[in-house]
């Protein structure tokens, strides 16, 4: 087989691994399984979000300690737009999300819907992809 | 080409076939094309849902005979999280869905939105993937 | 490697290129970047939509000149159902979408949600995929 063929197969396999990240994130965050969220991120990475910019360990600690505002959530994510050059150890993903925050704790009927966009830079560390930099952009809320 | 390469290519092709299942389901169920729904399921399979657990033939018969509560539906499904080992004849998929049930028959303005999660075990039968066990979890309704 | 293997790898690569189209469209149209929208379409193609049927250049000119009814939009697209025969230079895609039109210009609190279905025929021109015919079906609005 040509090198080109092998490179393409490896690229396709990496794209599948990358594509799973948004869905793995949504399952983990909706289950409030912060250990599972942590497995997606590079410990040396950074998360930019509505509450400012944090190193990954601080971001995870914030998720653990943050009081619940809503009883449950559902992160419905579109297919990511994957930007990844064959053979590279970095990739970029751009993922649209509808985030349903349901039953506000101090107002059981109160929901919030957020339009979000996750802009992720991923790195391959010891053969495993990790999110090294996430910019979570809140486009709108209702 | 190495066995590894061929195995990976076959795995990728299977993942594409599996990924199409949720979208094929949504087109079929929204069109109320129960024959097309039936093509996705193993006749020897089982569906667990809001109305209890049924063998696939009973599930399909239920879909055919059930009075319409809503004039139309739209099943907007996220990308499935596919769990499939290369070379296996079984696979698991976990798919988030927003289900719009529109225009309640006895109340034309009345809609319902459901947050659903489909947990599917698929089997390869005579070279074709089929859903052998579906657990349809209604996470919330509004 | 067998021809079959090479053909499958090429097919998988094409499917990835095709799968990116809906997401590229959503980023372009939400940014009102009509040049980027134009890159997705065959200049000799046709778009059928709510405002009738137009040749692609007219469609793009309409997007450029159309007064804004809403301050912003978010096109949340499901995974496309891709119908593509290995080796072909044409493909069909069927993509569900939730289109959030936000903050009506003459009524800042006024939003509209549309359930859309994009039925796209794509062609490969000089090695690049382009949408040759789009039928944008508005299933419902709220």
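Each chain carries a letter (A, B and C) given by its place in the written order, and its residues are counted from 1.
Rule of thumb we're sticking to: a contact is a pair of C-beta atoms (placed from the backbone, for glycine too) under 8 Å apart; a residue touches a chain by one contact, two chains touch by 3 or more.
Note that the structure is predicted; figures quoted are calculated from it, not measured.
Trainee: Could the interface between the copies chain A and chain B be described as same, meaning over half of its residue numbers are common to both, or is it different?
Mentor: Copies use mostly different positions to touch.
Trainee: Working from the CA atoms, figure out how many degrees chain A turns to land on chain C, in steps of 5.
Mentor: 120
Trainee: Could you tell me the distance, in whole angstrom, between the mean C-alpha positions of chain A and chain B?
Mentor: 25
Trainee: By residue number and range, which residues of chain B touch two or more other chains?
Mentor: In chain B, the residues touching two or more other chains are 1, 5, 9, 12, 76, 78-79, 98.
Trainee: Would you mind writing out the residues of chain C in touch with chain A in their complex?
Mentor: 1, 5-6, 9, 12-13, 16, 19-20, 22-24, 26-27, 72, 74-80, 98, 100, 102, 111
Trainee: Using the touch definition from the top, list the residues of chain C that touch chain B in their complex.
Mentor: Listed in rising order, the residues are 1-2, 5, 8-9, 11-12, 15, 76, 78-82, 94, 96, 98, 115, 139-140, 142.
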